[in-house]
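Note that the chains take the letters A, B, C and D in the order they are written out, and that residue 1 is the start of every chain.
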Amino acid sequence: LLRIALFGAGRIGAVHARSIAESRDAELAWICDPVEPSATALAGRHGGRASADPDEALADAAVDAVVIASATPTHIDLIRRSVDAGKKILCEKPISLDLAAIDRCWADIRDREPLLMLGFNRRFDASFREVHERVAAGEIGTLRTLRITSRDPHPPPAAYLATSGGMFRDMTIHDFDMAGYFLGDVVEVSAMATTNGDALFEDARDHAQAVVTMRAASGALCTIVNSRTCAFGYDQRLEAFGDLGSLEVTNQTATSVQASDGTRTGATDRYVDFFLERYAAAYRAELAEFLAAISEGRPPAVGFSDGRRAQALAEAAIESVASGRPVQPQPAP
Amino acid sequence: LLRIALFGAGRIGAVHARSIAESRDAELAWICDPVEPSATALAGRHGGRASADPDEALADAAVDAVVIASATPTHIDLIRRSVDAGKKILCEKPISLDLAAIDRCWADIRDREPLLMLGFNRRFDASFREVHERVAAGEIGTLRTLRITSRDPHPPPAAYLATSGGMFRDMTIHDFDMAGYFLGDVVEVSAMATTNGDALFEDARDHAQAVVTMRAASGALCTIVNSRTCAFGYDQRLEAFGDLGSLEVTNQTATSVQASDGTRTGATDRYVDFFLERYAAAYRAELAEFLAAISEGRPPAVGFSDGRRAQALAEAAIESVASGRPVQPQPAP
Amino acid sequence: LLRIALFGAGRIGAVHARSIAESRDAELAWICDPVEPSATALAGRHGGRASADPDEALADAAVDAVVIASATPTHIDLIRRSVDAGKKILCEKPISLDLAAIDRCWADIRDREPLLMLGFNRRFDASFREVHERVAAGEIGTLRTLRITSRDPHPPPAAYLATSGGMFRDMTIHDFDMAGYFLGDVVEVSAMATTNGDALFEDARDHAQAVVTMRAASGALCTIVNSRTCAFGYDQRLEAFGDLGSLEVTNQTATSVQASDGTRTGATDRYVDFFLERYAAAYRAELAEFLAAISEGRPPAVGFSDGRRAQALAEAAIESVASGRPVQPQPAP
Amino acid sequence: LLRIALFGAGRIGAVHARSIAESRDAELAWICDPVEPSATALAGRHGGRASADPDEALADAAVDAVVIASATPTHIDLIRRSVDAGKKILCEKPISLDLAAIDRCWADIRDREPLLMLGFNRRFDASFREVHERVAAGEIGTLRTLRITSRDPHPPPAAYLATSGGMFRDMTIHDFDMAGYFLGDVVEVSAMATTNGDALFEDARDHAQAVVTMRAASGALCTIVNSRTCAFGYDQRLEAFGDLGSLEVTNQTATSVQASDGTRTGATDRYVDFFLERYAAAYRAELAEFLAAISEGRPPAVGFSDGRRAQALAEAAIESVASGRPVQPQPAP
């Protein structure tokens, strides 16, 4: 049994706590959160010792690995200290809102060859994974265009927006990772965005909707369509189009019920809402991959460089919106 | 150009008039209807001479073929006279409500080897035809069960019901023909029906809903589900299930629009309503087959024996409802 | 925590063992199986003491409830002894292959008012449940026809067939329960079946395919289509058709991937295969309902009479196939 | 009966000839084509007098209207001469490959207030039209993003590419019109394109794939995805996304057949291929609108300014690809 320390007892921390508690291969050793009652409450449900201080957990020689699900500004510091403590690391996205800080972090830790996995949950979803595998197996021939749709059902609260780093770093980051997953390196990023004239987004200097176009080094083109609201649920789609055909990830409903009446036919329910439900199995598969990489002594499927690449695309999109021009993403040093 | 006399200027007569008028291979020579103003009005739109008397048309040596779309009780007499006059015949279903009369008619005309086609329009629908072809080509292996759904959007008026011969002879007859088309001879018919407690059907001693189960000589099983009303439109489906898979005809909408909102996703419009719309192309294809059979001097795709077979299944279903037992359809003499 | 003794360590026993082990409200106290190594192995994975003798568990005063998942012929005896021991009971279907034995059992235990739940897993599936709730809420008006499709992906082994009681008691039993769930009492059952000429079913005097038609006391009609094989996976569908529309349970795939290529469009994967996968959540919900009924001191959602009703329909179908006639199911004494 | 002169006897001319011949409200008076045998052949099928010289038709006082379906470089000259001759005009897209020439043409003819309709066939397709009407009726609230997919099944021949004006003017022009139809004025156009490394497109200095992003004056965003090839048929989709939901035009197949087998389920046929089939009814509806506008003495649904607007967006996209920057479309003078 791998013994895990969890940093962060918030919404996503609770997801990881549950996955760890339910895993046959791991157990929760520590839950650390600056708001100690949150850590205590979560430990009460899933096990482990609670603490406000991550150093307690890092100092525990029995701890094999850490899961970093704390506030974004703490990620890099916790990564550094976890590497120092010799722990394996699963870190939630984003690594940081500051690309230079990400590069400095990597420069400092790379020689230690840390086992460090990035928590891009969508990579572990059965549908996205299957499309990736079938594309890789050549089913659609050369991939020509990738189309990603990602719409959240409800806007986040203003307080969340204030520290989120903005739509591209916070939400589109998953789509940028998908783009990297399917297309590899991207050489050009062009973005347009709008607040919908909504005060929530105006005040946060953030976006309600955005569209991003990208060109990959392979020549393939990619579009991303984002919205912070979606009346019909969590809209998570992808279309990979190639010379021989297309493979699509379509939306999912909680049941397979279809209704027909005097005005409409074949109506399915609202789409699964929200990421905790849509990606419940993906979060478990993500943890399983982390544990498998540890026990097999191999790099995990998603590494630091994937997190860095997605972040660079987010920065490029931000700059494109600001400048009104396409932007080349900054290559890794 | 084949010159055609149309008998019957009602709803289905108008369909044929239009098909003939639009065909490049035929022209309307006569339209005959006992209600002469109906014939005159239809001839005004589509051409041809109007008459109350079919004998005028039958006596016209320039007439090559007749389309019998008059009231059911006139069919057999018009068939006989058309054979006598040496005309090719396309006759609407049913041949007659009286199986014995059908058999006598055939006994009397068979030696003349008339070119006589039955108007089972669904045979000429692109979807039903494609499924039949793919089943025949072996795509699903041995056919094991056939499931037919046929629901009309609105009940007919009481006056129609009074002379229709009842649901099995009037409506299910198309499903019985489909069963014959896919399964060949049927050896056992079992039916249940209900009026829904609706006075319209109670008074007409007819049915609102029915289910029919049949066993084919091949061993395959078949179910038919019928309703005289359907809130969501004209429900016309078929599933052919075999050892290697299934082929289904699904319902059709006028557009390919899908709507999603706060409560439902992927909702399509009401199904196409009603047979004139759903089978518009099929009626044209049916006429084209009739004309092609004439010009090629070969038997048409659907003949007298198909009409007789469907009628025998209808009679068996009626007897099954009456007796509460499965019934063997009466074989052709 | 409710302490549970599980009888039967076979395929379905393993499902229950896992559900109990994962439940927050229960724990596995005993696993009993005449093949003791099976019980020991399962207890090794999910906890509990293993035994070849159910009396050990029944004699354990700390045991609150039993789950009967043993061979069908043992069900009635275990029900009786569990009632005698004052345990709550969740019993797998069927209660017995012998309707008279079922009625005797009930006559003997009814005065004890046992908390006894029948394990009709499909009742706890989110899709079937939702359709039932929406029908009950009046969404489709009066229910007129119910159509159930149930096809297993692969035929069971000959050894299983030999003791299964035949397709109607073993497989269709779930469909009969669905019919009862939606329609209440059934007054007429008519069935046709075929072996497909397959030696497996010929030798077992069993069926490869069957169709059943039923009339409910309410006047509604019902069809069931069954097959022991299905090339495209586990086919589990239902259509409830009423005056105002229809509600359908459609099939489910493991992912939401759709593929299009030069010959086909919108193709989804094979359907989920088999019941352990398709109904994984339903089995957990079934156990949760059992535990909730115990803790709330109320009758469970599915009781002995439901099991008896489904069995009576199975017997009627068997008699209908034998006699070639519709059969009235035998009412409860 | 309106008497129509058709200019151009090529592929699209043949479509119009047939629509006119089948219309109850019009007849073909002339068919003019510089390749006179083409005009003669088409007139042989659909009626009218054939000529190599459009002036013959324009001089015929009995001609009410002209349909301009000739080579693009002739459009403006024929528009001018038809206006001079006092004829009503239905002109195929594009008006011209030269935006300045379009503006000069309009400056010269505007005071004559010609009845001039542009042949954007997709506007008359039942699905696109229905979505537009439902959006206009407020069904999805404020329109936020519009997504258009347009992929041709097969690349055109090199000879066609050479004079087509390039993908944006020739193919995307329909999508630009759709964007204008739904969004009104567009203020920013950004485009990326690729040849796929295919010599056909390299040599023609044209594109195999393109993605276009646009911002409307309303604030709404729009993406267009184009391809000159598509393995699964003619891909014609649109998604209108608003605050209350979405409305989509999905693809269409010739039949409603779905196939399931051991590896795939619910597979429909290849999409309808190509525009003559997909938009057959739209072409007829387009002509009907033209005839209705004439007989009602009102401007047609699609006018010169719509053609000019789409052309300006095409020019902006071309400039965006060339400069690598977003471009403001040139406003009408």
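Throughout what follows, a residue touches a chain if its C-beta (ideal position, glycine included) is under 8 Å from a C-beta of that chain, and two chains touch if they have at least 3 such contacts.
Remember, it's a predicted structure, so these values are computed and weren't measured experimentally.
Comparing the CA-atom centres of all chains against that of chain C, the greatest distance is found for D. The chain pair C-D and the chain pair A-C differ in C-beta contact count, and the higher one is A-C.
Here the spacing of chain A and chain C, counted between their Cα centres, is 40 Å.
Chain centres here are Cα means. That of chain C falls 58 Å from that of chain D. Multi-chain contact residues of chain B (touching two or more other chains) are listed as 231-232, 244-246, 251, 259-262, 269. The touching residues of chain A, counted against chain B in their complex, run 231-233, 251, 253, 259-271. By the touch criterion stated above, chain A contacts chain D in their complex at residues 140-142, 144-145, 147, 151, 188, 190, 192-194, 196-197, 208-211, 213, 215, 219-223, 225, 227, 229-232, 241, 243-246, 324-326. Remark: chain B residues 22, 126-127, 130-131, 134, 139-140, 244-252, 254-262, 269 touch chain D in the complex.
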